[in-house]
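Multiple structures are listed underneath, in structure tokens.
Look at the two complexes coming up: subunit A is in both, with subunit B in one and subunit C in the other.
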Partner chain A sequence: MNNPVLLIVIPLLLAFLSVIIKKAGKWLLLVGLLFNTALAFFITTGETIIGGFAPPYGINLVVDQFTLVGVILINTLMLITIVVSFDLVGKYSIVLLTALAGINGMLLTGDLFNLFVFMEITVIAAYILSAQAKKYHHTITYLVIGSVGSVLYLLGIILLYNLTGSLNMADVAAKLPLLTTKELLVPVLLIFIGIGVEVKLMPVSGWVKGVYSNANRLIAPLFASVIAGTALFVFGKLFVSVLPVSDTLTLLMLIMSVMTFVFGEFAAFNQKRVKNILLYSSIGQAGLVTALFISGLVYAAVILLISNVISKLIMFTIAGAFTEKYETDDYESLNGVFVHNKFTGIAFTIAALSMAGIPLLIGFYAKLNILIGFFQAQNYVLPAIILLMAIVEGAYIIKLLLALWAPGKEGQVSEKSFAVEKKQLLSVKNTIICLIVALVIIAGGVLIDITEKVVTDGQPLLGDQSPSFTISQSKGGE
Partner chain B sequence: MTLITVLITLLTLAAVTYLLSLVNSKLGAYFTIVTSLATIVMLFLIKDSIGQSYSLSFFTFKLTTVGWYFSMVMVTVYFTTAFLNPFWIKKMIYPAAYNLFFLVSLIGTIGMFFARDFITLFICWETVVWTSTFIIQMGKSRKSSYVYYVVSAIGSMVTLFAMMLVYQVSGTLEISTAFSALSGQPVLALIVFFTFILAGLSKIGIFPFHVWLPMAHGSAPHTFSPVLSGGLVKMGAFIAYLSVTAFAAYEVFANTFTIMGIPAPLYIIMVLGAISIVVGTVMAIRQDDAKKLLAYSSVANGGYILIGILLYDQIAFAGGMLHLISHALASATAFITIAIVAYRTGTTKMSELGGMIHRMPVTYTVYLIAIISMAGIPPMGGFVSKWLILQGLADRGLLFLAAAAFFGSIGSFMYVFRPLSAVFLGQLAPKYEKIKEANIMMQIPMYLLTIATLLVGVFPNVVLRVIADIQLEAGIQEIVLVGNTIVVSNGVLDALRVFIVFGYGFLIALVIFILRRKSRRVTLMDTYTSAEFIHTPELLHYSSNFYAPFERLTKKPYPVLNLYEKVSIKIKEIGHMAESLFSSSKPAITIFWIIIVFAIFFLGGVL
Partner chain C sequence: MIRVASLLLLMIGLYGLLSTRNVIKMIISINIMELGVNIFIVSIGFVTNGVAPILTSQVNSSLSNFVDPLPQALVLTSIVIGLGITALGLAFARKLYKKYGTYDLAKIGGMKDE
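So, the complex of A and B:
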């Protein structure tokens, strides 16, 4: 029963069903998500052949520990997002079910062309979802840039097929050492840019601002944590285990990633609206995650990815609630909004502090792993950049938190009466969900040995060689 | 009782305080007094087990004398300040959170002083930073809270870099052993030294990181300013201590270029300390807000502590460590008295006050004793510690540093005198005719701190014996103490004798005071305007433009905060540029960049 194919097939089946039974769409979506999330915990590592043709000719689904983490995480996050914003699902249940199928396909597939198909399914669903804000200009932008990305990816795999005669990931990886860097340059680059559109790397992330900043409580976390998380998992899988390129290419991709990171954080520092801060911070963090994958620090990258998508889920949900209730998400006009919504505020604060890398939250554990990994690889420049960016990041997060918590102008002692008018941001159910997710952030940062066990299950991810921080390390001489 | 039990007990008490505060915030505020008192008791209980190590999950601790000493200083400040909490708690926007963060920051400092490995040190350090950031925002300025966090973050992130670098080189995170791997690598050692000490500099408020002190001290809730100035800045001194003991800067840099017999890197930091003394003193004199004035004086005093500790010898080190406690006591007292004045009058602006001695004689006396100590006048604690530091500097012939220290000592007369005369002396404004003296509860911390200041001043050897233990632990020559006398190479100091001499002087002055002709009281409005109506009596108040001639002398624009603002603006500009260049919503621009990226990749691939 625990066949990973079901993760893709059941949502698709339910999507067809919800075309027929339109009224039950919302509930079918919930059933599909519950099924997927439950199944994700039961699938085991291994290979599933589809269609009876043995790979490399047939299509297969590959489940390793890395994919497993991705599948469990992404399905759970999507379930949480939908449960929180169930009232907003409306007629989007078909699209969401299709997206769910596409996302699981992207994570599971072991075939490059199959990946393209699933990516297209997901992205087309994403186009439709982005139209929810009725800002069609941004949707068109997304459509154009997204299509360019898809085409480039397709071109890339065609060239790769030409070179290796295969589209199966494991097969391509095995044949890759026979090729020279010059031969690989174009296909790898095309794939990098193509995936980069969804990962939100800097020169090709023009669509992000328009789409994210107008998205509502349902769509924003869906984009920022579910779809972005999936794209990053796929990126990791491709560039760590399928196309582990060397020298010049690595360096150039690393530069692009780091540029995304630095400029993303700087741009976030310049923003006035909560969602814009968050989306540029997402771009920046995505750049860092790709930099880590390219440098081979897989474990650190996965932890950072997890901490980031969890934080963004909470923060974008609450940011969506800002626009919903106050019709603005400019943090200066939301002065003291958490005075009336303390628990929502606490969840938001924990998520934000984790992003800023405050100790005992999972973001700090991620940062520690990154630093240890880079230093172990004798790389001193990137840690310096990361720590300098941590200052910038801390600065804009604290500025945001201060504005949201402490009402009053400069020179006035904070008082409740200065705060914006009282409105309930999230329902009680949603606040509790956000708090539970925030609790995961704390638990992940405190119980680090359990975090490591859950994520890696004792084996290195994708042949990861980098070190990780463990409890015994701090005890040093004992 | 182990340290772990202490910390867990304290965390439990903090949680209890929080829950109580949710029910009744005033009750919770009283509980902060109880908890900090419990901390003092428990610290005395664990004093016998100094030298032992403990661990809990990834936290490891080691009980050391120096950690114990720092913790005692810290908890004394917290305990005495906690007496003010019940009176302000109703004014806080988040009373329960205030009580919780107040205690958590205390626990964080204690954990930090006993930390055995870098991760514990860093975690406790950051805990203190963010809890205090959230407390400061409850005051009257969000910007100061922001600046405080950013300056702290600069320090802590750079220090984290140093910690990880050391870990990579030595393979251990244990503070005492990790640094030893650097001995053969001068360049690496240099990087680690400057990056490691940065957190300390930013916390203790050394130039150019001092910008946060006047902002944060000046606008934090009145009940937290004493803790910030008396307590939390001393965390920086602990980092300075680590950089000469665990890092062993004198040994590591023994073969490098020396200035006046001191390794150049250390001398550079000491010069920064000297600059802080001068800048802090000059700026303190110029302030109109009493809290900002005291904050700048903390900058200056931080310089003394830093220089004393970094000299790391028999005399000056003892002086630095003693100055730690005498400044903590004096500055906490001064901030508490100003807080009480603000509680009664609602302002800390000196030009709006005056004549408080008529209404608050106890507060006045307590403030007087505190500033005597702060200015380094005998017979208070500040005198002994400054005397030791100056002895140490003179001994080693460190002319420039000694000049700065002397300048600071003399300048401190000017700045501590200003609040004294502007707030407490002079004419009482009519609107303050009805105000009352501080109530008993508020007087308790004032008495406690005053007694402590006097004790340190009259019997400094009680504290110096602990400092001698620290010197023993650190492996340097201990300060020579004979009975009640401190023996240094240039002479001896018997603080008790000094006290007796000053006591005689005081008695003579008292006799003259009692016998003299009674002065006639003149009210503020009873001025010399010949019955003409005054629109702005404040401007005629003698404390407005108090040191006008001096201020004209030092009227140069003050560039450092501008530097931070400039950096911030530059970052925003780059962010804006990146946003419009690389993140444009026009697809055509995206395509353009894709082409550029391809071109670069091709060139890179060919080259």
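So, the complex of A and C:
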């Protein structure tokens, strides 16, 4: 019963059903999500062969500890997003169910071409979701950049097929050491750029601003945490276990990732709208996660990825509520909005502080792991950049939180009367959900032993990666 | 030769994307790019004087000059996906025209709020 293929097939089946029974679409979506989230907790590591042909000729689904974390996290996040914004689902249930199938397929598949197909399914659903804002020129920009990315990815895997004679990930990885860097240069870079469109790496992330900044309470967290999280998990799988490449290529990809990180954080600093701050911060964090994957710090990357997508889920949901209730998300015209919505504000603040890396929150544990990992690898350039960017990050997050909590301009004594007019941002149910997710952020940071156990379950994530920092280790050092 | 030609098509498509802001022309450019990649994929499996990879009474040895069938299967999938994206792109283009009265993204950029 706990066959991972059900994670893909059941949402697809429900998507077809919801074409026939249009009225029940919303509920079918909920059923599909509940089923997937429940099943994600029960699938076990192993390999499932699809279609009766043994790999490398047939297609297989591979569940390792890394994929398992991804499947559980992404399905749960999507369930939370949909439950919070259930009133906005409307006719999008078919698209959302298809996206759910595509996302699970992307995470599970062990075949490069199959990954391309699932990526296209997800991306086509994403194009349709991005059109919800009725800003069609942004959607078309996304469609064009996305299609070019897909074409480049396809060309990359075909070149790889020409070189290795296989499309199976494990088989390709086994044959890769026989190839020279010169031969690998073009295919690996093409795959890097192709995946980079969804991961939001810098030269190909031009679509992000238009799509994210106009998305509503449902679509924005879906893009920022569910789809972006999936893309990052796939990136990790590809560039850690399938295409672990040599020095020249690593350096090239590392430079692109770090530039994305620096650009994203600086761009976030300059923004006036809450969603723009968040979207540029997403781009920056995506760059950092890819840099960590390429450097081989898998555990640190996964923790950062988890902390980031959970934070973004809360923050984009609340940012979506700003546009919904006040018709703006410019933080200067939302002065003191959290004075009226204290609990929503607390959830937002915890998520933001975790992003900034304040101790006792999961974001701090993520950053600590990154720094210790780099120092252990005797790499001192990247930690310097990361710490420098942490100042920028802290600056814009504090600026943002101050404007949203304290009514009145700079130099004024803040009084409640200066605040924007009182409106309830989120319903009671949604505020409670946001607070529970915020509690997970705190729990993940305080109980790091449990976090480590949940994420690794005693098994290495893609190769011999162990966490750099644990409680027992710090006790041993005293 | 055919591979060079297919990569040339890819480049022509890329040039088209970079040089025009007209939505319909951009979608055509994407199609040209996809066409280039599809021809490239088929060319990967090509074998001179090859035969179809089916064992028959005439061709009864697996050592024959078989054409690789996998790229052809891949290209079918890729064509279908390309078709889907084209259809979706054209649907968005139509909506765009209905809303702004033009297909030119450069003109629309200066037209609205943001």
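Quick notes on this one:
Just so it is clear, the second predicted complex is superposed on the first by the 471 of 478 C-alpha atoms of A that agree within 3 Å, B and C clash if a C-alpha of one lies under 4 Å from a C-alpha of the other, contacts with A are read in each partner's own complex, and residues count from 1 in each chain.
The definition used in the following text is that contacts are C-beta pairs under 8 Å (C-beta built on N, C-alpha and C of every residue); 3 or more make two chains touch, one makes a residue touch a chain.
Please read these numbers as outputs of a predicted model, since none were measured by experiment.
After overlaying the two complexes on the shared chain, residue contacts for A:Ile124 are found with subunit C alone; subunit B is out of touch. Judged by the number of subunit A residues each one touches, B leads among subunit B and subunit C. Once chain A of one complex is fitted onto chain A of the other, the partner contacts of A:Lys23 are absent, as it touches neither subunit B nor subunit C. With both structures placed on the common chain, the touch criterion links A:Ser213 to subunit C but leaves subunit B unconnected.
Using the contact criterion defined above for the overlaid structures, shared-chain residue A:Tyr136 touches subunit C, although it does not reach subunit B. In the superposed pair of complexes, A:Met256 makes contact with subunit B only, with no contact to subunit C. Judged by the touch definition given at the top, the superposed model places A:Val151 against subunit C, while subunit B stays out of reach. Of the two partner chains, subunit B is the only one touched by A:Phe269; subunit C is not.
In the superposition on the C-alpha atoms of chain A, the part of subunit A touched by subunit B in one complex and by subunit C in the other spans residues 141, 144, 148. Residues 113, 117, 120, 124, 127-128, 131, 134, 136-137, 139-141, 143-144, 147-148, 150-151, 154-155, 158, 161-162, 167, 213-214 of subunit A touch subunit C in their complex. Considering their complex, residues 10, 14, 17, 23, 26, 30, 33-34, 37, 40-41, 44, 70-71, 74, 77-78, 81, 84-85, 88-89, 92-93, 95-96, 99-100, 105, 108-109, 114 of subunit C touch subunit A.
Residues 55, 57-60, 91, 93-94, 117-120, 122-123, 126-127, 130, 133-134, 137-143, 145-146, 149-150, 153-154, 157-158, 160-161, 164-165, 167-168, 172-174, 177-178, 219, 221, 568, 571-576, 578-579, 582-587, 589-591, 593-594, 596-598, 600-602, 604-605, 607 of subunit B touch subunit A in their complex. Listing the residues of subunit A that touch subunit B in their complex gives 138, 141, 144-145, 148, 152, 181-182, 185, 189, 193, 202-210, 248-249, 251-252, 256, 259-260, 263-271, 280, 283, 339, 353, 358-360, 364, 368, 371-372, 375-376, 378, 380, 383-384, 387-388, 390-392, 394-395, 398-399, 402-403, 405-408, 410-416, 446, 448, 471, 473-478.
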